[in-house]
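These notes open a run of structures that come right after.
One chain, chain A, links the two complexes that follow: it is found with chain B in the first and with chain C in the second.
So, the complex of A and B:
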């Protein structure tokens, strides 16, 4: 049975018009596109306001006046629109960059560097021949892919050692192919979710 | 003096905050850990204000288009209307995204549009695959083989008929993708650390904007 919920009808309309771009660009898709941008921006502001209350205002009310500092810094971001005092916005941006860079450095060292090396530096010999082969492929893949990114010594890409980064390139291409195939299938399964919404929640054809 | 205030104090702020963020991970000094917790909360608040810059830019761009009756200006008006609707509904109840009114417009508008726009890219990726996966040389052969095995291994029919597809797909993920991506991640990690240290030391100043 077809849904009588207005919200479901609106959602079904936007699902169909957002898909219509697969056929060609059209005014209905543009309508959906502009709606989405406006809604996403509005949603971001609402979530931002929620965070200001949750992580800033609650602390101020709770007797921590130091939390006025981020609120003042936040307001200072808008000085970027002032022709004379635009440089003041550098203060909040510098603060955000400091936080972001600090977190990314520790994340990179731990997750991208130490953990990856530790995962690679394991005994190659496993309990089964296939396990051993797999360990060797992972080890060779890691080392050769890494050598492909050595740009400070050109000799590694030429001559007798040139096969090492070449294998790395093949390994990476094979990995990209797998990742590409996986992404396609993930998107298709997500799109199936939208089709199921149309057939089940909106039209009531399937249950 | 103005050079110090305009340029060097922001660089100093980046340095101090960045160093505290890194030290927090490698030390157990309560003062550093406590300071970083406060700085992290401050960062969330400042980021929230920064989101408003995007909205201001939308109002500037689309407001100008409406004023000049530019191309598709009614849609620009609709965009700003939708923005205002979400903000008003979100803020007027005092519950932000937890009110039923906000949940209703989110589920009716934002959710289907976001999910459909994201997932409908599958059509373009499938068309792109036709061009990308043509075997022209040995490089594209590797790309083709793994992509085909992963695509077929992800469908219900192929692994049902030939279980080998499923196991090959699993093997590709466990060995080839895992090995190559590990090398890439180590490379990316080194790059991120180097860039981060350069930024903290004030050698990268792009974020300061115009001189």
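So, the complex of A and C:
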């Protein structure tokens, strides 16, 4: 049974007009696009204001004056629109970058370097034949792909060892192919959600 | 224009119409193709399954409406398993729209009705917490300083579940679902690298190739790989939903894509060959 809910009809309308762009650009699609941008911007502004109140103002009125520091730094970001004092915005940005790097670098070194090197440098022989094959592919792929990025010594690309970076290139192309396949699956899995919505929630064809 | 070139220049309207039909037909009449549960999903399931009753889980909804068709079913199936196991779940959102996804997910899980869970005692929702990795570090480090109230405005010192959280060691598991690569890496950096917590992650399939090395290295104990991961979880938890229905749709559309890739390659090589023959 077709839905009688106005909200469902609005969602169905926007789903259909958003899809119509895949066939040809049209005024209905642009209407949907602008509506989405407006709604998303409105939501972001409301959430931003809520965050300032929740994580800043609440603390200040609760007797924690140190919270004025991030609020002042936040306000200083807007000086970039002033022709004379625009340089001041670099200080809050420097603060943000410093905090961001400081928080993530320790974890990044451990998870992205130490753990990855340890995971790559494991014995080639695994408990199963498939595991052994995987380990060999990882080992060969890592070494050859790394040689592809040696730019300081031309001989590695043109000399007798030129096949090593070439294998690395093929390894990377295979990885890009895998990533592309996953991207297609992701896009379709996003759209199938809308198809199910149209057929079930809107038209009531499926249950 | 040769027949090969005409084939290569197939109008996109025709391609899209065929793809749409390939989506609609299995949605109406499912083929019922068998499911092969992946190892990464099984590891997520087993990690949660191994937790004793009453363990505390930090669950992050790191996606908005764009990611909902893929990660929404993941969240529903994952929460079904967690509530069934009587785990205590602290839910937060690192995505701005995450707060809007929470009621859509809970509407399907129905923790009070299905599992007799009590809000505040068995689960709590903190809402969106701004700051990405800064927020993660703050919530893991000292939740009582980072968050003053839950999503509904209740002060957190009045929420029994949060009284049990003393520090990072209180969390038995960190589980997250996200469409953002920075958030996906952030939980590994903050929860695993910094506090050595058990972490499981779910993301869009297109993100999996770049994040799977964390799973291979043992930083992530399990992965839900997009809609496939969601279907696996629905199958394992015996809560069939949108993801299991989607598997037939995806099988049909992926087959169509494979056929079009083959047609594109055949027409390309055919056109090249006939051009060479014409020149000679």
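Keep this in mind: the second predicted complex is superposed on the first by the 200 of 207 C-alpha atoms of A that agree within 3 Å, B and C clash if a C-alpha of one lies under 4 Å from a C-alpha of the other, contacts with A are read in each partner's own complex, and residues count from 1 in each chain.
In the analysis below, a contact is a pair of C-beta atoms (placed from the backbone, for glycine too) under 8 Å apart; a residue touches a chain by one contact, two chains touch by 3 or more.
For clarity, every value in this text was computed on a predicted model and none was experimentally measured.
Colleague: In the overlaid three-chain picture, which partner chain does A:43 touch, first (chain B) or second (chain C), both, or neither?
Modeller: In the superposition, A:43 contacts both chain B and chain C.
Colleague: Under the stated touch criterion, which partner chain does A:196 make contact with: chain B (first), chain C (second), both, or neither?
Modeller: Only chain C; A:196 stays clear of chain B.
Colleague: Touch test for A:137: chain B only (first), chain C only (second), both, or neither?
Modeller: first
Colleague: Should A:156 be classified as contacting the first partner (chain B), the second (chain C), both, or neither?
Modeller: A:156 contacts neither chain B nor chain C.
Colleague: If you stack the two complexes on chain A, which partner ends up touching A:126: first (chain B), second (chain C), both, or neither?
Modeller: neither
Colleague: Does the superposition put A:206 against chain B (first), chain C (second), both, or neither?
Modeller: second
Colleague: Looking at the overlay, what does A:164 touch: chain B (first), chain C (second), both, or neither?
Modeller: Neither partner.
Colleague: Once the shared chain is lined up, is A:99 touching chain B (first), chain C (second), both, or neither of them?
Modeller: A:99 sits against chain B and chain C alike.
Colleague: If we overlay the two complexes on their shared chain A, which of chain B and chain C does A:118 touch? Say first, second, both or neither.
Modeller: The second partner, chain C, only.
Colleague: Tell me which partner touches more residues of chain A in the superposed arrangement, chain B or chain C.
Modeller: Per-residue touch count on chain A favours B.
Colleague: Which chain A residues are contacted by chain C in one complex and by chain B in the other?
Modeller: Residues 22, 43-44, 47, 51, 55, 59, 99-100, 103-104, 106-108, 110-111, 116, 119, 175, 178-179, 182-185, 188, 190-191, 193-194, which sit in both footprints.
Colleague: What residues on chain A touch chain B, complex-wise?
Modeller: Those residues of chain A that touch chain B are 6-8, 10-12, 14-15, 18-19, 21-22, 30-53, 55-56, 59, 66-67, 69-71, 73-75, 77-78, 80-81, 86-87, 89-113, 116-117, 119-120, 134, 137-146, 148-149, 168-185, 187-188, 190-191, 193-194, 197.
Colleague: Would you mind writing out the residues of chain A in touch with chain C in their complex?
Modeller: On the chain A side, the touching residues are 22-24, 43-44, 47, 51, 54-55, 58-59, 99-100, 103-104, 106-108, 110-111, 115-116, 118-119, 175, 178-179, 182-186, 188-196, 199, 205-206.
Colleague: Over in the complex, which chain C residues touch chain A? Could you list them?
Modeller: Chain C reaches chain A through residues 12-13, 16, 20, 23-24, 27-28, 66-70, 72, 96-97, 99-100, 128, 130, 133-134, 137, 148-149, 185-186, 188-190, 192-194, 204-206, 208-210, 213-214, 216-219, 226-228, 242, 245-246, 249-250, 253-254, 257.
Colleague: With touch defined as at the start, can you tell me which chain B residues reach chain A in the complex?
Modeller: Its residues touching chain A are 6-7, 9-11, 13-22, 24-26, 38-56, 58, 72, 75-76, 78-87, 90-91, 96-97, 102, 104-123, 125-126, 129, 132-133, 138-140, 142-151, 154-155, 171-190, 192-193, 196-197, 199-200, 207-210.
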